[in-house]
Amino acid sequence: MDFELPPHVIEFRNTVKRIIRDVVTPEMIDEMHTSGTFTNHTLNRALAKEGLLERAVPGMGMGDPLELWVLFNELEKAGAPYDGISTSIMVAGVVQQVGTDEQKQAMIPTVVSGEALVCMGYSEPDYGSDVASIVTRAVRDGDEFVINGAKMWTTMAHEAKWLILLTRTDTEVPKHKGLTMFLLSMDTPGITVEPVHTMGTERTNATFYDNVRVPVSAVLGEINGGWRTMAVALAFERGVMGGTNVAVPMLRHFRKWAAKHIGDDGVALIDDTLVRERLARIAIDNEVAKLLTQRSAWIAASGGLPGLEGSMTKVFASEAYQKAVRWCQQMAGPAGLLQFHEPNAAADGWIEYDSRHSPVTTIYGGTSEINRNNIAERHLGLPKAR
Amino acid sequence: MRLGLTDDQLAIKEVFAGFFGKESTPAVVRAAEPGGFDPKLWRRVCETGAPGMGVAEDAGGGGASLGDLAVVAEEFGRSIAPIPLIDHQVAARVLARFGGARTDVTDGETLASFALRPAVNGSWWLVPGGSVAGLTIGLDGDELVAVESAPPAAAPRNHAAQPLADRSTAGARTVLASGDAAHAAFDRALNEWKTLTAATLVGIGAQALHMALDYVQSRIQFGKPIGAFQAVQQSLADLPIAIDGGRLLAHKAAWAGDNEAAGVDGHLDIDDNDNSNFAVLAGMAFVFNADGAAHATDRSLHFHGGYGFAEEYDIQLFYRRARGWALVYDDPARECGRLADTMFGPRESVR
Amino acid sequence: MDFELPPHVIEFRNTVKRIIRDVVTPEMIDEMHTSGTFTNHTLNRALAKEGLLERAVPGMGMGDPLELWVLFNELEKAGAPYDGISTSIMVAGVVQQVGTDEQKQAMIPTVVSGEALVCMGYSEPDYGSDVASIVTRAVRDGDEFVINGAKMWTTMAHEAKWLILLTRTDTEVPKHKGLTMFLLSMDTPGITVEPVHTMGTERTNATFYDNVRVPVSAVLGEINGGWRTMAVALAFERGVMGGTNVAVPMLRHFRKWAAKHIGDDGVALIDDTLVRERLARIAIDNEVAKLLTQRSAWIAASGGLPGLEGSMTKVFASEAYQKAVRWCQQMAGPAGLLQFHEPNAAADGWIEYDSRHSPVTTIYGGTSEINRNNIAERHLGLPKAR
Amino acid sequence: MRLGLTDDQLAIKEVFAGFFGKESTPAVVRAAEPGGFDPKLWRRVCETGAPGMGVAEDAGGGGASLGDLAVVAEEFGRSIAPIPLIDHQVAARVLARFGGARTDVTDGETLASFALRPAVNGSWWLVPGGSVAGLTIGLDGDELVAVESAPPAAAPRNHAAQPLADRSTAGARTVLASGDAAHAAFDRALNEWKTLTAATLVGIGAQALHMALDYVQSRIQFGKPIGAFQAVQQSLADLPIAIDGGRLLAHKAAWAGDNEAAGVDGHLDIDDNDNSNFAVLAGMAFVFNADGAAHATDRSLHFHGGYGFAEEYDIQLFYRRARGWALVYDDPARECGRLADTMFGPRESVR
C-alpha cells in the first residue's frame, strides 16, 4: 500500500505539467472545439522536444512504464487536445513490439518527434462491437496485397500520416483467424476520407479503400495474425491513455463557476446543500476512477496485462462521468444549456459541451455491455451468454 | 373515471400526429438549428388553430382544456418541432384570462412567450421563445405584465437549439394583474407550462423509444439483431414504464388544472397518497418527465452505438431537447425542494 | 382524462376507510409482525360483514370492478394485514370463472364470509421463475388423482382452509401442456406444512404431498389445462390487489417521525434540505405507482386484460419502494437500524422493518428480470431472449 | 508505488482469512443473534493478538499500521464476525496514543469501544460495541475521555444484530486529552474508524459477490444456470468494479492515515484530482463502500431469488450488516456534506 509515485515519475509529471502550463492556452482548447480535431501540433512538438513522447511509447524502454499513464492523465485533466498522440503512441508501441525493423525505422521516429499522427481502421459500417466479422478484403497479388472496403470512425484520418488497417485475408477459416493488420501511409493511392461530424463537435471520418495496393512488407505482425496484433494494441492501451478522468476537468470547471455564481437569494451555487452533496459524490468517483486507472498502470508497469482491469475502469469511469455530467447540467439549470462563448454560460460552456460529449464514452472502445460481458465471463467465470 | 383520452381528444391526437409527422420531420428540425425556429412551420401550425386553441371560446379561442393541450403537446414533443408552441399557448391563455385576449396572439400572428422567472434588474433571463416573440408575458415585481417589443436578432447558442433570449421589461407595457393576483396568475401559468412541458417530454421519450426499437431490431451484431440480447432488452424494458407513468402523471396534472380553473379545488393528503392538487401534480409531472425523457433519450442514443453520436442520425436531436426543454426552467432537484414546501410544509425549525 | 372515482366507489372506499379506522389497531399490526402471519380474522370478518369481500371478488358482479383495487389499496396504505384475504379473493374469482357449481358452492361462501383462507401451491424448491417445469405429480387412479411432491412459498398454508395446487399430469407433452390445477381442502390426508421464516418476519411455508388422494371433481378448470387456470388467476390479480403502494405507509411513518426528530443543531429532520429532496421524489414515485395501478384497475373494469400493464406496475413500484427504503434508512441514520419497540427507533421501527421487507418485493410474483423479459418481448416486440 | 499488499500483509491476510473462515462461520454468526456478540469468538480472536495489534509496540501492542488493520478488517467483514473488533482496535489505539495503553485492553481482556458521536446530556448514543464494552472512549464536551463502567445487559434489537448501546459518560473517568487536542484526537480516531469500517464493508461486498456467483452457477432455471443469462451477468459485472475500487480507496485512506501519523501531511487539490488527505480519503472510503456493500448484498440477495429472503440462507445476514455496520455512523449523504466542507471550503455565502 504505497500510492506515491517514484521520484523520477514525479519529475516526469512536473515536466508534463510545466509544458501544459506553458503551451496549452485557452485559445488552443478553443481551436480544438471549433475545428473538431482534437490534436495540436504545437503541443505535440513541445512534448516531443523534451523527449516525453519517446519515453511514453510502451516497450521502447526509454522511461518508467508508469509514465504512459502519467502523461495522458495530466493531458486529460488539463482538457488538452491529446486524442491524436494517444493513438499514435499506442500504435508506435505495437510497431515496436511486432513490426519489422523497416517499419520501426520508418514510423516510430516520425511519431515520437511529434510530427506524424496515426489513425486506426478497425470498425466498419456493419461491424462495431462485432469487429471480428469485418469484411474489408485484402487479396494477395504477387508481392502485394490489394485492399477494398470501407471503415467507420477512422478518427484523425484527415490529419494522420499513418494508418493501421484491419482486413480480412482469409474467408475460409473461423472469423478471428482470417484477419491481417497493415501499416500503411495515408498517401497510398486509393484511400478516400470523408468527414463524419458528431454531436460532441469532435470530427471523425469514414474511410474508403478502392484497390489500395501495398507491398507484403506492409503487414503488421503475421499474415492472418491481425487479431493478435489488435490484442497487443489493446493491451498497451489498457485504459491508461486517457478517457478515465474526464470528469476531473468538468468538476473543476463547475466548481470555479459555482463559487462565483450567486443566486437571487444571495447564496453562491457552491453553497447550495443539494449541489454540495452531488459535487462531493463526483469527487469521490473521480478519486476511484483515478485509483482504478492507477492500478492498471501499476499492473502493466509490474509486467502484468491488465486487460480486465481496463474494462472495469472503463465501465466505471465512463458511467460515473455521465452521471456527473447529468448532475452538473441539472445543477446549473438554464445556464447549463449555454454553449462556449455565450454570456452566463455555466462554466464558460463546458457543462453544455460535456453533456454533448459524454454519451460516446460508454460506446467507443467497447460498449459498457460488451465490457460487462467480458467481466462476467472472464473475471467472474460465468458461462458465455452471447 | 376514465384514464384514457375522450373521443374528441383521440381526434385531436390524430390530427396533430398527422400534422407534426408531416410538417416537422427531422430534416425540418435540423434545418432550423441553431436558432430553433422555423417561421414557415409556425405559419402552418397557425392554420391548425393550435396557438390559440387553449384560449377560451368567448375570448375568440378554441376553448380547449389543458387536457386537450397536453394531447397536442405530446405529439409536438414527438416531432420536436422547432416552434415555441407551449410557451405561446401558455402566454395566450394568460392574456385571455385577464381580458387581454388579442386576435393577433390567438391567431399566432404575433408570437407570445412566457417568462419562467420573475424579472431581475429589468430583465427576464432566458425566456423560451424569447428570441422570436413580439410579446412577453412575465412577472415584474408585483405586477404581471405583457410587454410588446421587437425580439433580438438571434438566440444564444444552446444545447437544444431553442429560440431563447433574455428579454427586457421595457417596451409597450400592459399590466394584467397586480399584487397577490399577479403572483397567483404567474403561478397558475407556470403550472400550466410545467404540465404541458411534461407532456412534451413524454412525447420526446416515446419517440426515442420508438427509434431505439427500430434500430435494435435492424442492427445485426454477432449474427443477431442486438435487440435479441437481454443486456439490451432489460434496459429498454424500463422505458415504456416511465413513459406510461409520466403520461398518466401529466394527464392527471392537466385534469387537476382544468378542475382548478373550473373552481374545483384540489385535495392534498400525501400521507394517504391522495392528491389532486394542480401545483403539486404539475411539479411532479415536470420532475418525473424531465428525468424520464433524459433517460429514454440516453438509452436510445446508447443503443444506437457510434451512430447515435453521429450528427447525421436523429437521436442526438432528441437527446439534446429532452434536456434543454426541461432545464430551461430549472434543476429538477430544486423543484423537489419546492414540492416539499407544499407537501410537507415550510421549514419551520430553520430560521 | 378523468381521475375521479365514481360516487359509489368513493362510498365503498369510505366504508373501507371506516372499517380500517375502527378495526385496525396498532396492536393488530403489531401482532401481525410478531406472529409473521399477515392476516387477521377480526378484520376479515369486519370487511365481510359489510359485504365488501363479496363485492370485491372478480366476476361475481356484486360491486364495481374498481372496488377490488380500492379495497386492497386502502388496506395496503393502512399497513393492515391483508395478505390472507388478497390471495383468497383472487382464487375465489378463479373458482367463480372456471370452477364447477359444486366447487363454487363449497368454496366461495367460506371466503367471502371472511372465515376461510386459501393458499397457493405453484413454486417448487427447484422451480421458481420457471414454474412451467414443476414436477409435483398427480397420477390418475380411477376416479381419483394421487398427488406426490413438494411446494415452496406456500404462504398461509398453516392458516388456510383451501389450497390450489399446480401439478404435472402429463410428462409426454410440452411442459406448459401437461399441468393440472386442483382445488382441495388443507384437511386432505397426506399434506404436511413446515414453516419457512423470512428476514422480513413474514412466515411462509414449505408443503409436502405424500399420496394425497383427491377426487377428479377437485380439478379446477380442465385436466392438463392448469396453465390456463393459472393465467386466469394472474389476470385477476394484475397488480391491483396490493403490493404496489407499500411505500405510502413508509413515507407517512417517516414523515411523521422526521417532523418531531430534532437534530443536535435544533433543526427537525424534515427540514433538512437533503431529506426534503428525497422525500419529494418518494412522493412522486408513490403517485406514479398509484396511477399505474389505477390504470390496470381501469382497464380491467373496462373489460380489458391488463397483463403487461401489471408487469410494468410491479417493476416500477417494487423498485421505487426499494430505492425509497434505502433512502429512508440512510436519512434516519442510526435510528433507522432500531426495531419495533426500541426507544428512539426511526418511525417506531417501521424503517428497519421496511428495509427487511423490501428485498422480496422484486422477487415474488415474478422477478423484475422475468417481468422485463415479458415487457421486452410482448410489449416492445423484441425477439425472445431466453 | 505499490498498490498491492506487502509480503507481510499477504501473510496477515492469510492468517486472518483462515481464522475467520474457521471460527466465524455463518452458524456462529447466526447463533450470536440478536445480541451480536460471541464471547468465545472474542476470546479466540484475543489469542491472535488482533485486538491490540494496532497499538504501538513500545506501548505493548503489535505495532501494526492502519494499512495492516485494513487487511484484517476485510477478512473480518468477509466473515461478518459477531465481535466489535474495529471499535476495539480504534479505542485501543486512542488509549495508547495518549499514554493510557492498558494491558487488559491491548490483550482484549477488557473490551473497549469508541463512541462515534460526542456525548449529549451525559450520554453517548448507540455506541458500537457498547453493549459489551467495559471501557468507552469518547468525546465529552472539550475532553476526550475513557470511562470505565459495566455494560448494559442487552443491546437494543437492531437491523444488523450489532452489540450497540447508549453509554453514560459517568463512571471511572480518565481524561485523555482536552481542548483542541481532544477534538483532533477524536477526529483522528473517527477517521481510523471510517477507514477500517470501509475495509470491512469491502469484505462484506466481496463475500456477497462470492455467494452470488456460487448460487447463480448452480441454480438452474429454463434449462440453464441463471448465471448464463445476460440479465444476471450484466448486473453482477458491476460488483467487482465497486469492490476493487472501494478496496483501493480504503487502502489509500489507510496509507494516508499512516503517513499522517508519521507526520507526513496529506495533500488536497480536488481541482487536479490529487488527494492524499487522510480525513477526506477516510470519508470518501466510508461513503463509497457504504453504498458499494449495500448494493452488492442487495444484488446477491436478489439473485438468490426467494431463498435469498429465507432466514435459513446466509445472504440476509450480510445484507443487514452491510447496512447496519455503516449507518451506525451516519447517512452517507450527510457525510458528503462534511466532505464538501473540507474539499470546497465552508459555505461562506450562507449565514
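Note that the chains are named A, B, C and D in the order they appear, and that numbering of residues resets to 1 at the start of each chain.
The definition used in the following text is that a contact is a pair of C-beta atoms (placed from the backbone, for glycine too) under 8 Å apart; a residue touches a chain by one contact, two chains touch by 3 or more.
None of the values given here were measured: they were computed from a predicted structure.
**Q** So, comparing C-alpha centroids, which chain is the farthest one from chain B?
**A** Most distant chain from chain B: D.
**Q** Could you tell me which pair, A-C or B-C, is linked by more C-beta pairs in contact?
**A** Most contacts of the two pairs: B-C.
**Q** Could you work out how far the Cα centre of chain B sits from that of chain D, in whole Å?
**A** 49
**Q** CA centre of chain C versus CA centre of chain D: separation in Å?
**A** That gives a centre separation of 38 Å.
**Q** Please compute the C-alpha centroid of chain A, do the same for chain C, then give the distance between them in whole Å.
**A** 51
**Q** If you look at chain C, which of its residues touch at least two other chains?
**A** Answer for chain C, listing residues that touch two or more other chains: 273-274, 277, 369, 372-373, 385-386.
**Q** Two-or-more-chain contact residues of chain D, please, as numbers and ranges.
**A** 229-234, 333, 337
**Q** Using the touch rule from the top, collect the residues of chain A that touch chain C in their complex.
**A** Residues 273-274, 277.
**Q** In the complex, go through chain B and note every residue touching chain D.
**A** Counting only chain B, the residues touching chain D are 229-231, 233-234.
**Q** Using the touch definition up top, name the residues of chain B that touch chain C in the complex.
**A** 1-6, 9, 67, 70, 209, 213, 216-217, 224-225, 227-230, 232-234, 236-238, 240-242, 244-246, 248-249, 251-252, 254-256, 270-273, 275-276, 281, 284, 287-288, 333, 336-337, 339-341, 343-344, 347-350
**Q** Note which residues of chain C are touching chain D in the complex, please.
**A** 123, 126-130, 133, 152-153, 196-200, 264, 274, 322, 326, 329-334, 336-339, 341-345, 352, 355-356, 359-360, 362-364, 367, 369, 372-373, 385-386
**Q** Under the touch definition given earlier, write down the residues of chain D that touch chain C in their complex.
**A** On the chain D side, the touching residues are 120, 125-126, 156-160, 162, 164, 220-222, 226, 229-232, 294, 298, 301-302, 305-306, 308-312, 316, 319-320, 323-324, 327-334, 337.
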